[in-house]
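For reference, chains read A, B, C, D and E in written order, and residue numbers begin at 1 within each chain.
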Amino acid sequence: MSGFGQLRLEGVGRRFGTADALAGLDLTIERGEFIALLGPSGCGKSTALNCLAGLLPLTAGSIWQDDQRIDTLPPEKRGFGMVFQNYALFPHLTVRDNIAFGLRMRRLPKDEVRRRTTAAIEMVRLEEHASKLPGQLSGGQQQRVAIARATVLEPSLVLMDEPLSNLDAKLRLEMRTEIRRLHQSLGLTTVYVTHDQEEALSMADRLVVMREGRVQQIGTPEEVHTTPTTWHVADFMGYRNLLPLAAQSVAGEVVTVPIGGTTIDGVAQGTVAAGEDVVVAVRPEDVKLGNEGLKGLVEVVEYQGRELAVEVVLEDGTRLHARTERKVQAGESVSVAIDPSRLLVYASDRPAAELVTAGLAV
Amino acid sequence: APTSPNQSSGDSSGDAPDKPSKAVTLNILDVAGNLQLTQPMIDDFVKQHSDVISKVTYSKGPAPELSGKIKAQQDAGRVDIDLVLTGTDGLAAGAEQGLWMDLLPKYADRLPGMKDYLEPAAKMQGLAGNVGVTVTYYPSGPLLEYLPAKVPTPPKSAEELLAFAKANKGKVMYARPANSGPGRTFLMGLPYILGDKDPKDPVNGWDKTWAYLKELNQYVDFYPSGTADTMKALANGSASIIASTTGWDINPRVLGAVPKEAAITPLKGFHWVTDAHYAVVPKGVSTDKQAAILQLLQFMLTPEQQAKAYDKGYFYPGPAIKGVDLSKAPQESQDAITEFGRPEYDKLIADNPNEVPLDAKALVAAFDKWDREVGGSKVKKS
Amino acid sequence: MSTRALKATPTAWLIWAVVVFFFVNLAGVVGSVLVSSFGRRWFDTWVPDGFTTQWYGDAWHEFGLLQVISVTLIASGLVVVLSVLVGAPAAYVLARQNFPGKRLVYLTFLLPILMPPITYGIPLATVLYKFGFAGHLSGVVLANLVPSVPFVILTMTPFIEQVDPKIESAARMLGANTRAVFLRILAPLLVPGLLASAILVLVRTVGMFELTFLTAGPDSQTLVVALYYSMSAAGIRAQQSVDAMAVMYTAMMLVLLVVALRFVNPTQLVARVKEEPE
Amino acid sequence: MSQTASWQHRLAERGVDRRLWLLLPATVFVLLLFIYPFLYGLSLSFQPLKGGGALANYQKFFNDAYQRDTIATTLKIALPAALLNVLAAVPIAFRMRGRFRGKRLLTTVLVVPITLGTVLTAQGLLNYLGPTGWFNRILMAVHLIDDPIRLTNNYWGVFFSLIITGFPFAFLLVLSYLSGIDPTLERAAATLGASRAQRFRRITLPLLAPGLATTFLLTFVLAFSVFPSAVLVGNPAGSTRVISLAAYQAAYEQYDYAYASAIAMIMGVVELVVVAIVLLWRSRLYTGSTGGKG
Amino acid sequence: MSGFGQLRLEGVGRRFGTADALAGLDLTIERGEFIALLGPSGCGKSTALNCLAGLLPLTAGSIWQDDQRIDTLPPEKRGFGMVFQNYALFPHLTVRDNIAFGLRMRRLPKDEVRRRTTAAIEMVRLEEHASKLPGQLSGGQQQRVAIARATVLEPSLVLMDEPLSNLDAKLRLEMRTEIRRLHQSLGLTTVYVTHDQEEALSMADRLVVMREGRVQQIGTPEEVHTTPTTWHVADFMGYRNLLPLAAQSVAGEVVTVPIGGTTIDGVAQGTVAAGEDVVVAVRPEDVKLGNEGLKGLVEVVEYQGRELAVEVVLEDGTRLHARTERKVQAGESVSVAIDPSRLLVYASDRPAAELVTAGLAV
């Protein structure tokens, strides 16, 4: 069952009781792709992964591997590898035996099992802990065992559910590289669930952004990062400044919106008509503190390593998140400028009042 | 610690007064099935002499564990069983361990009824030494029981029985003697029938008996662990001839466990191996209660009361003293015995000698030998 | 979601066939006793000649079964509760902790199960009589606790081992003391285990003849004493009356069991917690 | 201060802390109500009724083939019965996981034989499997056999009664132990390519093993002390003359408590040997959280 | 037991078998402080937290709350709150009951329990899931339950073990703010374990950086971030460029080291002598791509949202990680410059060869 041309999910859905945890997922995964599933907590990422792995029966749709329908196959027949979000390590087996498990199931020769297991243990830096039981490991160590266990098999498709969430930045970077390296050198196909956009952006060939069980956007990292298709995606992709406003005028792609007592321009995403409620999205990094532009007062300053995260209150009370390397202090008055090409304007799907209560900045 | 309302109160040493200082409550433990015969007598006494015994609580239990229980109570100095009704086994077990109080000859004068024992009952009283008082008696067996429809010509002698067994493999049945009255009666009766050297010495004196049983064993499939099973086998036809006794002949037919038509036959030259129930008093019972018990026992030994022992043929005939006619028994009892009893019993009882059973030690030795050499040999065979 | 029982492999068929065979024969075993206990007389036929409830009535009166059954229920109920209360904490320590002398302690708890009551029954009864417990319900209960407490310990230990200690830690961090940890966290998670061992103890207690007989007084006899008496006492007793006693014994146990299973299903809890997707 | 501190630290390292107090009630209880009576019984076994040195009772037992053989007889009944009970319980319990209609009913029905008690079981076996019982009747009616087959009052009668009374226990325990194992683990194994059988053998079984060991012990102990059924449906003088019967006879037929104690002690020791082997095996198993409960 | 002046850990240690998971931890926590424990996976962070909570008996040292010794108290007597790394939710209780558990243990009035529970559920945005069991929640939802459960009690000291590791960036930011808000408004004292430096830097008053069971550095976020005391800390704090070199000359604090065919200056951290082996540390952000400086070739380019992560190989083969907003491409030749004040020089604690195998860039 190893090696396939493409994997097609057609209208895949999974319902728990009356709630759809996943609905109408259409996705074609090409061989060798690295796909990241991204989305807020509870949006159905793990559910999608479990459906793909065959661990949760579908309640709608089908899954095809080339011309073969596989959603009726039991997990062990699909030959996919999986890293579970809660690790699911075998508590009675040592680290080494956990990792060797899959190899043994394939009845590989002892020597090869030993060799490959040892290599995998080295990859995840657990040499010293190889003969411990999972209960004796730290959280990050357990996570690494789970990664090694799934990848040592070099399966045709690897499913990873937040495999790096418990690792520190340095190790995470290293593991990222390692996973990409494995992906490439073994020609694997990978579906990767993460909550970390940066991880998704830097690792994946394509991103699938989900929300409440439904796909919001599928695209390359750059597409998703620079031109989110909905303000929800924008929200999720780090456009911390989301302002419910009304479009003052629309000229082609350029939309003018009123803010801080004046107006600024932005780029329409989708169709936007003058006078309509819109949501304006901009990243804190694109709100530049300078000497001209919208005037406001610095309210909150947070130290974040090299940069400061700053909250600026404009004259009309609008709050903007910004990032700067300048050492500003709370109470200082500053001006902020926004590059119109970085200011995205979306037609609002809800009345402004609702958006305000939904937590959008005002 | 909670105190027992039934715990024996007062002194247990010294002489029992004629009458308890105030009415006592008696705890009676029956380990022989004797209450079936005697409970009406006791209830009657309580009714008539509520100033002596105000209340009786009955409990029943199997005999073997009895001595353990009494021993535990006595070791702890709290005896709460005042009167035990037992067969020879429980009696002997307790006697050997010195659990029972000596009622005789100390209080013989208070139990004048004992003078009227039937002759074989008096012999049975001999087994009780100084501790027990015989309350009911029956001649027991050994008898053979069969269904005339299936066995038109029953064996009349030991040889014929053997021949019958040989011809009808698996159809002759007796229960393991240690667990069965008829089984042990059959065992103890055989030495008389076969004319063994010393019918009282199972180890050295029963050569013929053991040889006979071993031979019979070849034609026996298995030995059930209770008489009831043999009765059932007889009733459903899987056995043709089983060992029985007078009581086991009449009562099960009354109860419907065995077809009414079943018949009995003795073997040529048999002696009755008699059986009896005894009343014993554990050491440690207060003198007040002793007094009450003595009055009760004397009451039970009167002919009117003894007549109740006819029951429904359970321990046929039952009474331990002379001159107790069936006509004095309760009507129910008379009816049952008229219907299911056998007129030939009177003659059989009158015409055949009585023997007391083996004493406890010899009996245990006999059981042991039987288990090892007769019952146990089945292992190697199958 | 399809029901799993229908998706049967050959092994599944074999297993279900064995189960069915077992049940058919079991029904035969139970049924024959039941039928017999109502039979007027039953000789060489498929069913008895006639039916009657006489045997039940007889047994009921002969042994005063109302009292006996209520004593049995109370005594066994107490034994179950007490042995769980005493045994479960000990099982907890044995499951969770390694400490010097653990093996010795374990052995001590094993012995009462291994040793037949013959070895200790009489001296135990003596002790209980000495302190005035025996001869009453309390004596019966205490004596029966001797094998029951170890039974609870032995059955509960693996169950407790299965529970993640982190869960307990979390409860403690939230201010739960040992009692609350037991009552609010462990007990609900251990329901299957508690139930299993409680039933085990119940069955053993109701069926424990020897210790009960040795320590019971006239008003604290239990059903099993009556049953053993009816079965093995010298004297004559119709087969059917023993059957009737046995049926009553079973009926009582059955009621207890069904009541127990009404409230808790041994597998329901974890199934609820971690759903099996198939 | 530092003295006590280091003391505490040392204890902490060895696992001694205040939780050990929870052992107290059970320990006190067993010491008070069991150890003393037991020691009494033990000492009794060294005081033979008929004299002849402390070990006379034991010598008597081992010198008498008739008695000695009871050990083998008992093991021959108890070991297979306990093993069968546990082994049969596993696949059935395994099938009973997950959800399906009628599960609760089936569980209840499987557990019901627990309530039967020895006597009913024995009576039932005698009635049902006896020569004129339904079982033989049916077999004869369909002409499978011509003469009734003997299934009671021999080894098989006892064996069946041990199955009937022991299996529900084993089943109940195994089912409960099984329910404590996280199904996710099996799923993880499935993604690693383990087939049903392999998942069972490599994941479920090892996690279940400590529970199985305990279950085996309990059913074995029950089977080993089989007594009433050995008498009622067995052949107590022969092929089912189990050791507890020997002890019983010594105590209650021969009233030789000392000898009975000795036999019972021997019985305990034999059991202990089996139990120790099983426990030793169990102690080498993984016995920790199995994920199912948190 | 609520409210204290300070908490002192004196030589706290915990040993598993022969291995010290934690050794000689000395730390004084002032009331109201927010302390973050930071360090690579398996360094003993969770162990430290468990010791503080009373869940693991110490094998060395003692813990004092003002003048009272508390390391002998059972956890429930200490009155601390804790969020567990693997959540440790009560599987048989609903979300609501999980959260209410602690309040019920304090026997608060029913009304208050209901009110506070509801508020906590809102805080972690689980209104819709309040009556689910933990097994029916997604990973992130479980984590939020764990946070709510621990903080609803407003304990004097809150211990959190990677409480946000399974949340997406947006939610993580929100929860961060929420946790800080709780910390401040309730006057809590918080010990917070995280593997995320940024989180630690932005939230904590003081950081404790650990390595292999031992404390490496304790200091304010700025101290730890700008002047790590050892190269291990630097490594962990995101100084991705760690070069084993030899000091050419030392002048006061300024150390000159040879690199890429030329030399550059850096700041000595601790005493460094000329000719000695040193480890040079610099962050990718401080390696500026420009037109002058060290010459090299771009080798790897990784898209990371606004910026690119770039690997530049200098002429002598040294690899430098850099970040830039410039759209460079692999193969391009570039120059890099490093601000001497951002180049930290540490005396090496191991021979260079070992460092190379330890994975330091060359």
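Convention: a residue touches a chain if its C-beta (ideal position, glycine included) is under 8 Å from a C-beta of that chain, and two chains touch if they have at least 3 such contacts.
Since we're looking at a predicted model, the values are computed, not measured.
Under the contact definition stated at the top, the chains bordering both chain B and chain D are C. Path length between chain B and chain C in the chain contact graph, taken as the least number of steps between touching chains: 1.
No other pair of chains shares as many C-beta contacts as C-D. Each chain gets a centre from the mean of its Cα atoms; for chain A and chain D, those two points are 55 Å apart. Once the centre of each chain is set as its mean CA position, chain B and chain E turn out to be 89 Å apart.
One simple way to say how far apart two chains are is to compare their mean CA positions; for chain C and chain D this gives 14 Å.
Residue positions 17, 132, 182, 184, 187, 232, 248, 251, 257, 288-291, 293-294 of chain D each touch two or more of the other chains. Each of the following residues of chain A touches two or more other chains: 55, 86.
The multi-chain contact residues of chain C, meaning those touching 2 or more other chains, are 44, 121-123, 126-127, 164, 166-167, 189, 228, 231, 239, 242, 269, 273-275, 277-278.
Note for the complex: chain C touches chain D at residues 3-5, 11-12, 15-16, 18-19, 22-23, 25-26, 28-33, 36, 44, 46, 85-87, 89-90, 92-100, 105-106, 108-116, 118-124, 126-127, 142-143, 145-146, 149-151, 153-155, 157-159, 161-167, 178, 189, 192-193, 195-196, 199-200, 203, 206-207, 224, 227-228, 231, 239, 242-243, 245-247, 249-250, 253-254, 256-258, 261, 265-271, 273-278. Against chain A, in their complex, chain D makes its touches with residues 182, 184-185, 187-196, 198-199, 202-203, 206-207, 285-286, 288-291. The residues of chain B lying in touch with chain D in their complex are 64-65, 67-68, 93, 96-97, 176, 178-179, 221-226, 229, 232-233, 236-238, 364, 367-368, 370-372, 374-379, 382.
Partner chain A is touched in their complex by these residues of chain E: 16, 38-42, 45-46, 85-86, 129, 136-141, 143-144, 161-162, 165-173, 195-198, 201-202, 221-222, 225, 235-236, 238, 240, 283, 285, 302-306, 309, 359.
Across the complex, chain B is touched by residues 40-44, 63, 121-123, 125-136, 138, 210, 213-219, 221, 225-226, 228-229, 231-242 of chain C.
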